[in-house]
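Sharing a structure, written as structure tokens. Questions coming.
Which chain is which? They are A, B, C and D, in the order written, and residues in each are numbered from 1.
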Amino acid sequence: MNEQIAKKVAEMESELVAIRRDIHRHAETAWLEFRTASLVVKKLQALGFAVSYGPEVIKEEAMMGVPAPEVVAKAQQRALEQGADPEIVKAMAGGKTGVVATFDSGKPGPVVGFRFDMDANDLTEAQDVKHRPFREGFASINAGAMHGCGHDAHTSIGLGLAAVISQIKDELRGKVKLVFQSAEEGARGAKSMAEAGVVDDVDYMIGIHVGLSRQKVGQVVCGAGAEGFPASTKLDVTFSGASAHAGGAPETGRNTILAATAAIQNLYAISRHSKGLTRVNVGTIQGGSGRNVIPAYVHLRLETRGADWELNEYMRERAYQIIAGAADMYGVDFTTTLMGEIIGGVPSRPLAEKIAEIAQTIPEITEPEALGPFAYGGSEDYTYFMDRVQQLGGQATCIVLGTELSAVHHNPYFDINEDVLPLGVKLLGESALKLTTTMPTIR
Amino acid sequence: MNEQIAKKVAEMESELVAIRRDIHRHAETAWLEFRTASLVVKKLQALGFAVSYGPEVIKEEAMMGVPAPEVVAKAQQRALEQGADPEIVKAMAGGKTGVVATFDSGKPGPVVGFRFDMDANDLTEAQDVKHRPFREGFASINAGAMHGCGHDAHTSIGLGLAAVISQIKDELRGKVKLVFQSAEEGARGAKSMAEAGVVDDVDYMIGIHVGLSRQKVGQVVCGAGAEGFPASTKLDVTFSGASAHAGGAPETGRNTILAATAAIQNLYAISRHSKGLTRVNVGTIQGGSGRNVIPAYVHLRLETRGADWELNEYMRERAYQIIAGAADMYGVDFTTTLMGEIIGGVPSRPLAEKIAEIAQTIPEITEPEALGPFAYGGSEDYTYFMDRVQQLGGQATCIVLGTELSAVHHNPYFDINEDVLPLGVKLLGESALKLTTTMPTIR
Amino acid sequence: MNEQIAKKVAEMESELVAIRRDIHRHAETAWLEFRTASLVVKKLQALGFAVSYGPEVIKEEAMMGVPAPEVVAKAQQRALEQGADPEIVKAMAGGKTGVVATFDSGKPGPVVGFRFDMDANDLTEAQDVKHRPFREGFASINAGAMHGCGHDAHTSIGLGLAAVISQIKDELRGKVKLVFQSAEEGARGAKSMAEAGVVDDVDYMIGIHVGLSRQKVGQVVCGAGAEGFPASTKLDVTFSGASAHAGGAPETGRNTILAATAAIQNLYAISRHSKGLTRVNVGTIQGGSGRNVIPAYVHLRLETRGADWELNEYMRERAYQIIAGAADMYGVDFTTTLMGEIIGGVPSRPLAEKIAEIAQTIPEITEPEALGPFAYGGSEDYTYFMDRVQQLGGQATCIVLGTELSAVHHNPYFDINEDVLPLGVKLLGESALKLTTTMPTIR
Amino acid sequence: MNEQIAKKVAEMESELVAIRRDIHRHAETAWLEFRTASLVVKKLQALGFAVSYGPEVIKEEAMMGVPAPEVVAKAQQRALEQGADPEIVKAMAGGKTGVVATFDSGKPGPVVGFRFDMDANDLTEAQDVKHRPFREGFASINAGAMHGCGHDAHTSIGLGLAAVISQIKDELRGKVKLVFQSAEEGARGAKSMAEAGVVDDVDYMIGIHVGLSRQKVGQVVCGAGAEGFPASTKLDVTFSGASAHAGGAPETGRNTILAATAAIQNLYAISRHSKGLTRVNVGTIQGGSGRNVIPAYVHLRLETRGADWELNEYMRERAYQIIAGAADMYGVDFTTTLMGEIIGGVPSRPLAEKIAEIAQTIPEITEPEALGPFAYGGSEDYTYFMDRVQQLGGQATCIVLGTELSAVHHNPYFDINEDVLPLGVKLLGESALKLTTTMPTIR
């Protein structure tokens, strides 16, 4: 591998850890990554990148599941208190926390894109001496927000990559684009950035994730999700009817619990599909006001999945049909809110194989694989970027960077082996170099 | 009581039995009463009544649940073979078997109407020596048709009444109308005769039924159904979807069994009503073509009931709403066919009390009651006549003539105590006399 | 009416209002009426009654819907802070807040019982100048507890009656029993006092309620619920299954939302009953943990009703059968908790008529009625006392004391016309006098 | 290819057609193949095979979906009238119509087995001059029975193979076993013969089917079902409750239509499985007796499927659990009858490839394939033999012999191109020769 990269990464090791821990400590959930994004902007600007953020890189109509304005305002306030730059936070009003940095070599060559997600989970971190982040003082100080999925590591690797790019800038050709994404959790953010066009000029696109299907530092899957990332739709449904005294005048009510149960039973009865796997789940239900009152509202949170977008579309359309029919049965109204959506897809095999070749040149990567799973049954809204690039003729892949874990993802005791940070920076830096210098422009 | 009536009835006793047994032996089911109606017409004409039948007394659009044309044709053929008059049968084409006879005294006075139903049940009579009709040779010779509800007795009483009217014609005032109705079973016929206007000039209307809530000859309820005849709607529903191989391409089917089950579960869940009793029943279901085929059709036979017409309407409308919603859920088509409908109602109390007075003058009536039940939970499409007369300002009631029974109604071993025949003729004859001569015209 | 009673009530008028307002201001919900009961005990003792309370008058096994121990402890603490007697509160440990006072004349004569309920509703009172209790400073200071059903007035009337009894003690015969009941709301308390035997020696039993079917002071129904109080069962159901990732391994979950929907749909489909009205309602549902997780628990709050106890029992038993079957379908566990139960019943007509006679002697009662409704479709757990007395051969009735209302019952703006207080005391005082002195012992 | 085989087949061509047409004309449905099996026994005996049939080759406990005794008796009678051998028919009492013939070369070598199914479909053949079998006089004379799936061709090929074996007996080594199976339709017969042990000594097992995934004579798939034959369970379910008058006393009924709908809705809601495809279908439903009667019985015909036996078992067990739960909900009884079961499986690839090699030596086979589909989504109860042989260490495969069709399988106009008959005999004859002489004994 390139010596400059190796040297730069060696110098940065403790900084990578420090960045990761700082972000971990100040965890911010989806659409509220004001401090994190502010930090990212500042560092990228310092390294000389052209940086865009806020409305330029996020299409408002495609943002899904944005918290209520008062929640956003509170998060902005907290970010400022925790050191965010006021100007940047202001520019990200409404939760537009995405950041895109571009390095242009000025020389011909392809555009290579990388995507890093920045948001934390809706979790409260374990305050327990058995848990290293707590023991070593970098557990999240923000209640209800915790990096339980490794996006703190992703962001740290992304900033490390930026430093490497800056270091080797004379050797590079073409362009390098770094996309720091908002709101991956709940599959809410990628669509709004992809539809804003931030990867429309990318020839080779790379996403990363730590852990998941490989739980040892040194294991790397270069074409993760080779068996296909499932597509999915996240939907909130509210039925609104009319309450009535259940003893005295039940017939005057319009019963939403009955409408909801009719919907649920028939949602699960949507026919299996001969072309591949489908899923539906009504994960939560909440409704009614009192034991002796005909219930006037019910709220459901549900999701559909399909092995690909077409199969998910089948499920989603059948779901709408059933929900509407159930509401009609009981003369109740309903609203559906799209809370998230994942397009699914399959990584580009040639790119995965190329990166596997590159991986073999990095000593720390002891078990490189070209193709493999992402997570078992898991999904990623990175697929919006992957799909966009592939649709426009480019290639895209997703890399799993193996790491030991202290607990499963989304658990209050989640922690990683930080050795994955320098390893990740090396692989991405080397990829940026090799792809821009040896691969053709394909768009 | 009037001596002439008593004398005439005494003379007729064996004839009443003979008529009842002849009709019993040649039982004809709903809309197919060609031989019975032909017999009725001939006898009424012989007694000097003005007789109308066929399309004049039946409104075609209001006929419900008429058998298929080939079934009607076959029944006509059988009636001819069993002695029906060809001209009359021809005039009753399409099942229009109703008969209305009018006696006009030429003197002022009210119009008194009587209704007798003529159809048998869809039953095959017990061929068993324990069963008197079989033992004595008057069991039904028509398979699948049996007088298991006493309409043979009703028709016999009606013809007996006609003879009495003829006998006492000089004593009468006003008019007497005798309505011989088709298709009471399944609540299919009364509406078509009532809507044809056959009772529109009636001041006092009387219907009868043997047995039911009183099972001893001598017991008579003059205002039966005093607690209210329930209203009811009989509906056939067919769901039509699309078949598909259940293993190979289930998603291409449109599953009618699932649509039907969604409908059924929610039909039974229609809210109870605070204003009174409601019912719904899906009595039969039949659907699908093969175990491994997504079922493309389902046929349901169902009914709704309500303590009164408004409550039944609530049930019926909710039922339509649910059936439509269930069909929409599964993208299947559906048709509903109204197979019968009963309007329900409450007898006119003054008329019931007047007849109870009359009943007290008849020695055979040992236990006269003014008001009482009809059958427990039972319904009668006679209520269409009752409602029509009451709507137009007249009075109407229904009389239960108690009789011992060998088995419950609608049972293959059903038989009555024929002593109810002369008793019934006496009460109706006396009522015709008293009502036309002592009561005012009220319309 | 008795002059002494009239005079005593006239003297007490402002005190009745003061007591009502004090109780209103310190509203305590079901099983937590420590301060209220302490006040009641002290006043009754001061008037010379033999007073029992706590475990003596409450059968622990029959207490339903008792709050969690920590809630009870907190309420005890608050009661002490708000002036309750520590000894009495201690004796009522665990929520046994019922009080029974007996006056024994020493002379032969019947036992006349009265019941007053003391608990407030789970409501937060309107803090609004339009609302008199707030404007005049007696709105509840206990958040989440408000007298929105008039039990503050009932308790005040009860204490007024006690003062009258004390005043006219020489004129009385037999015994008078005053039952101050806990936890009427949710139908949770009467059973535990009735089963403790507190009314087992009562010949004539009277319960009261302000407002409801009569909304003018001066209107009184002496045999309220003459059409029958419905019986009812209040049930909480929790289904417990197993969660699983809805995408990755759905088959390993045991889905409680599906079990609950199967239960609900079939609960509403329990057959109507030919003997009278029945009801079922699932008023609230809450379950599941996340959109993409097979839901491992669901909590339902439901109730059944029947025109009488037998009909309610039919509904309740069918409900258990359906819940168990639904759980079995999905291999999930379930628990049911009886949260309240009402036995229903019909007041004793002779007693109602006797009290109506007495009511006619009281000038303020301008519209006395012997028999009438209680509330339209409403229920009362006083029926446990009514049933117990009637079962043992006594007579029992329930009186509605009409009053103007500022809002419907159970509304944060509920308030009464306090003129009902002296009127109520007069009627009950006069009843105690007349019943003990002129009526026979009947047990 | 072997010249003797080619010559023998050339001589037999018209006889193969004649046998096929004779069997076609005397079509016999599952478990009733008395005449067909009698014909097979006689021909095999004449060719010198050791022939077993009846109870020796069929395990009674494993027979599924056997018609009622009177149906079997009638079929035996008809078979005798149509020329079956009385002794043989007698030995096959109860429907045990399976036949196994063995040729033992007396020389060492493997055992090669072949399976041919003999039963017709429950179809009435088109009586139409457009339909060749009718036009040329060999349409089925047995109403309700028609060879619409080509088993007549299979049997004819089997007898042709027997003649070839006899012809080349000196060249053969090891043993050849010919299994003529009863009741393939509905997946009812193979299990009973496999469990009787008839293929327990077989090293190489071959099944055949005409048409399906290849519709041209000359196309042959040697390892059909390479993507896996699904496993399946065919179940009949009867719910038995109690009828009642739906108006008068609905609560006394036990409603089987409600139990069935609860079962059906929840059957379709059985969770998808992460390990592969699953299916459930309720293909037919029939129940209830009258519109106004609480329905006392319902009959369902359903099936489950799974990509393999384990997945089908999951579906089947969940189905039982749901059916039982639904019955319990409504207090109704139920019975389930196993009507057929398919074990599923995958052909042995080495054997498929070996036969593909052999196929290349036969001039008429223009498009040989080693691996390919069986029918799209289809199943075969031959898999019981396949599984048994594979479990015991042998190899087994299934061959699709392409043929033009006049209509799809199971259609009243179904007919084949009879050129497939000699082609099939050649391929199987050649396989018998090559496998016994060149392949090792592997068991």
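Simple rule for what comes next: a residue touches a chain if its C-beta (ideal position, glycine included) is under 8 Å from a C-beta of that chain, and two chains touch if they have at least 3 such contacts.
Just so we're clear, the structure is a prediction, and the values are computed from it rather than from any experiment.
Shared contact partners of chain A and chain D are B, C. Interface comparison, A-C versus C-D: the pair with the greater number of contacting C-beta pairs is A-C.
One simple way to say how far apart two chains are is to compare their mean CA positions; for chain B and chain C this gives 51 Å.
Chain A and chain C have CA centres that are 55 Å apart. Averaged C-alpha coordinates give centres for chain C and chain D that are 71 Å from one another. Each of the following residues of chain B touches two or more other chains: 248-250, 258, 262, 265-266, 268-269, 271-272, 274, 279, 294, 377. Residue ranges on chain C touching chain A, taken from their complex, read 230, 232, 234, 245-250, 257-258, 260-262, 264-265, 268, 279, 281-295, 298, 301-303, 305, 339, 375-379. The touching residues of chain A, when paired with chain B in their complex, are 248-251, 253, 255, 258, 262, 265-266, 269, 271-275, 294, 314, 321-322, 324-331. For chain B in complex with chain C, the residues that touch the partner chain are 265-266, 268-269, 271-272, 274, 277-279, 377.
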